[in-house]
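Take a look at this one; I'll ask things after.
We just call them A, B and C in the order they show up, numbering each chain from 1.
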Amino acid sequence: MLLVPCPNCGPRNSSDLRYVGESHKRPDPATTTPEEWRTYLYMHKNPADWMMETWYCSSGCRRFFTIERHTATSEFRNPPLPGGKRGGRA
Amino acid sequence: MPSVTNMLRDKNQHGQRRYSAFGLLRKGLSNQPWPRVWREVPLKDSYDVVIIGGGVHGLATAYYLAVNHGITNVAVVDKAYLGSGGSGRNTAIVRSNYLTPEGVAFYDRSLTLYNSMADDLNINVMFSERGHLTLAHNDSSLRTMHWRAEVNKLQDIDSSVIDPAEIKKIVPSLDVTSEARYPILGALYHPPGGIIRHDAVVWGYARAADAYGVEMHQKTEVLDILVEGGEGRDGKGAGGQVTGVMTNRGKISAPIVVNCTAGWASLISDMAGVDLPISTRPLQAAVTEPVKVFLPAVVVSGSLHTYVSQTDRGELVFGAAVDPYNNYSIRGSLEFTEGLAGHVMELMPGISRMKLLRQWAGLCDMTPDYSPIMGATPVEGFLCDVGWGTYGFKAGPVSGEAMAECIATEKMPAIIAAFGLERFAKGDLVGEKGAAAVGH
Amino acid sequence: MANTQTPVFRSPVAAGSSTAPATMGATSALSLADETGVGIVSVRNRDEGSLIERFATRFGRATRSGNTLMAGQRPGECIIMGDRSGVVGLAASKQLAGDAVVELTHGRVVLRVTGAQASSTLEKVCSLDWSDAMMPNGAVTSGSVAKVTCDVIRDDAANGTRSYLLTADRSFGQYLFDALVDAGDEFGIVVG
């Protein structure tokens, strides 16, 4: 089982969290065009490499957080600390 | 359509001999080795078309380019061996009871091609139209099934909703009592659905394409796509023109390059500077020890994220939904086996003593709407046939036929018109989640 | 904190419906009690600091004051448990602008697992780390127990006996109860 380091709860089984997916910068809804908005919604880099992604700690602290994971080895690095700073231990 | 059978009658120009019962007997008695199924030839430095990915999609595209359009200066390159991707790992379910009219018409054409494949390709693909049942355990899935049945019937697909008593008649081993933890309320029944021998389909296309002079190059990994004149980095991206590919065996020039790499599609596409709406997820499957045949149909349960069929050898083949997070690794997981075992037990309590023999995984190229991405990209000459997710094996023949037409005529054939990459920017999705969420 | 009031809300756990073994006795090292009906109020505020000040607890910790338990259940969320009118009154008396105060009494099942074997029982159905280092008395966390999302508070008895309070969505009550009885069977779990 993949252990996901939640900044609030510590390492948790991935089944205790919900995977949200690749993190992208959200365009400003007030000024974006429909095409830009759809690009934000649908397009992915989907690298076989380190990737910034979002998880939701659904069974624990119920917080969203972003974290870097390698999509071939599933290692985490620079996990966030409580409050959002990076650099914890994976 | 010209059939390869005629070409293969007795021997063809490359010395291929027809497969036949008599041939099998002769080989059995004489104990001679079988000849190679396709030639191994030196890699040239240019082709009319380079197809990346030696799965069912790449090979079918090559075959139909040759047989329907006479385009034979074609190379199919694969970084590993033919069928090493999803095409050799899937659970081989073939059906056409999808949810959208576009999807139904498309997959139905594939079923038609599968039906005549053994003759067309002169290989025993063991297609068994044994019937396909999708169980409903709650009102909302029953509603989706009625919806699917009506869409299907309008397009003359044999598909209807049946009640638990009828289900029990078709599959006696199912627990249809109301005491089950997830009682079965009904099922979508699709008699033409079934299973096929996936390896034979892959080898059949490779062998038939080879007979027309198409080249298959295994262990040939594409490292870069060569593009000129694009607006992105290094002249790649929108507005560019593809000129070839760089591989671990050197450069190959080609005015047309087709991306048929399924789970790896984003990586290849990125080499040309084209973004895709794809996430790569592993899908796992497992197989049990063989037992006496007792399961006559393919049984799928969306709510329980599981499906099962029995092979001719008697093994039960199980599949599930994709893993819950993106991954390029095909390691299996214990959660999968545990969840699968629990769910299968709820459906068929009688098989609790059966042993799993193996589990494996393959990479799936998931799209936001569970429909494929086919045809042109913003880079001229760089085409894609990707986004096959957990359901693309059954689409191999029709995709190959349509992609070949697309390459030869430079127009998007009507049957795949809805599946273009531009639909995402336009917001014109073809939502098939209701018929494809559990991979098969 | 046993709820001695006439329950205002019917427990989601049907009495006698469990598969509890007949070997009941006061000597058991493990017991399971249904405390559903105990008052529960959730107070949320983006300003974690103001919660800490008012309820003398922070995320991950619980403090007890008499019969009232105040638990920092999530960042920015405090759960107050105890006598129903008491906790509702307490939350109201300390309410500030910006608080979201919701009474959850009707929506939650409350089960208490007590005894030396309590953590061994929970380990069987939950992947949380139940060691004393990670979950000392007064620790608060949440996670999935028998695949049901539960809030968990380590709330030892006055005599020091190990005890855990689990709360979950009410509709899971009977299932969670049965799952815990099943897990505790090998340790001779007693209901009540």
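One rule holds for everything that comes next: a contact is a pair of C-beta atoms (placed from the backbone, for glycine too) under 8 Å apart; a residue touches a chain by one contact, two chains touch by 3 or more.
Worth saying up front: this structure is predicted, and the values here are computed from it rather than measured.
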Quick check for the class: compute each chain's Cα centroid; which one is farthest from the centroid of chain C?
B
Busiest chain-chain interface by contact pairs, anyone?
A-B
Computed distance of Cα centres, chain C from chain B, in Å
50
Any idea how many Å lie between the Cα centroids of chain A and chain C?
30
Using the touch definition from the top, which residues of chain A touch two or more other chains?
1, 15
Name, in rising order, each residue of chain B that touches chain A in their complex.
264, 266-267, 270, 275-280, 324-329, 333-335, 368, 424-427
Per the contact definition, I'd like the list of chain A residues that touch chain C in the complex.
1, 8-9, 12-13, 15-16, 58-63, 82
Quick check on the complex: what are the chain A residues that touch chain B?
1-2, 14-15, 18-19, 21-22, 34-35, 38-39, 41-48, 51, 53, 71-74
Taking the complex as given, what residues does chain C use to touch chain A?
59, 74-75, 127, 141-144, 149
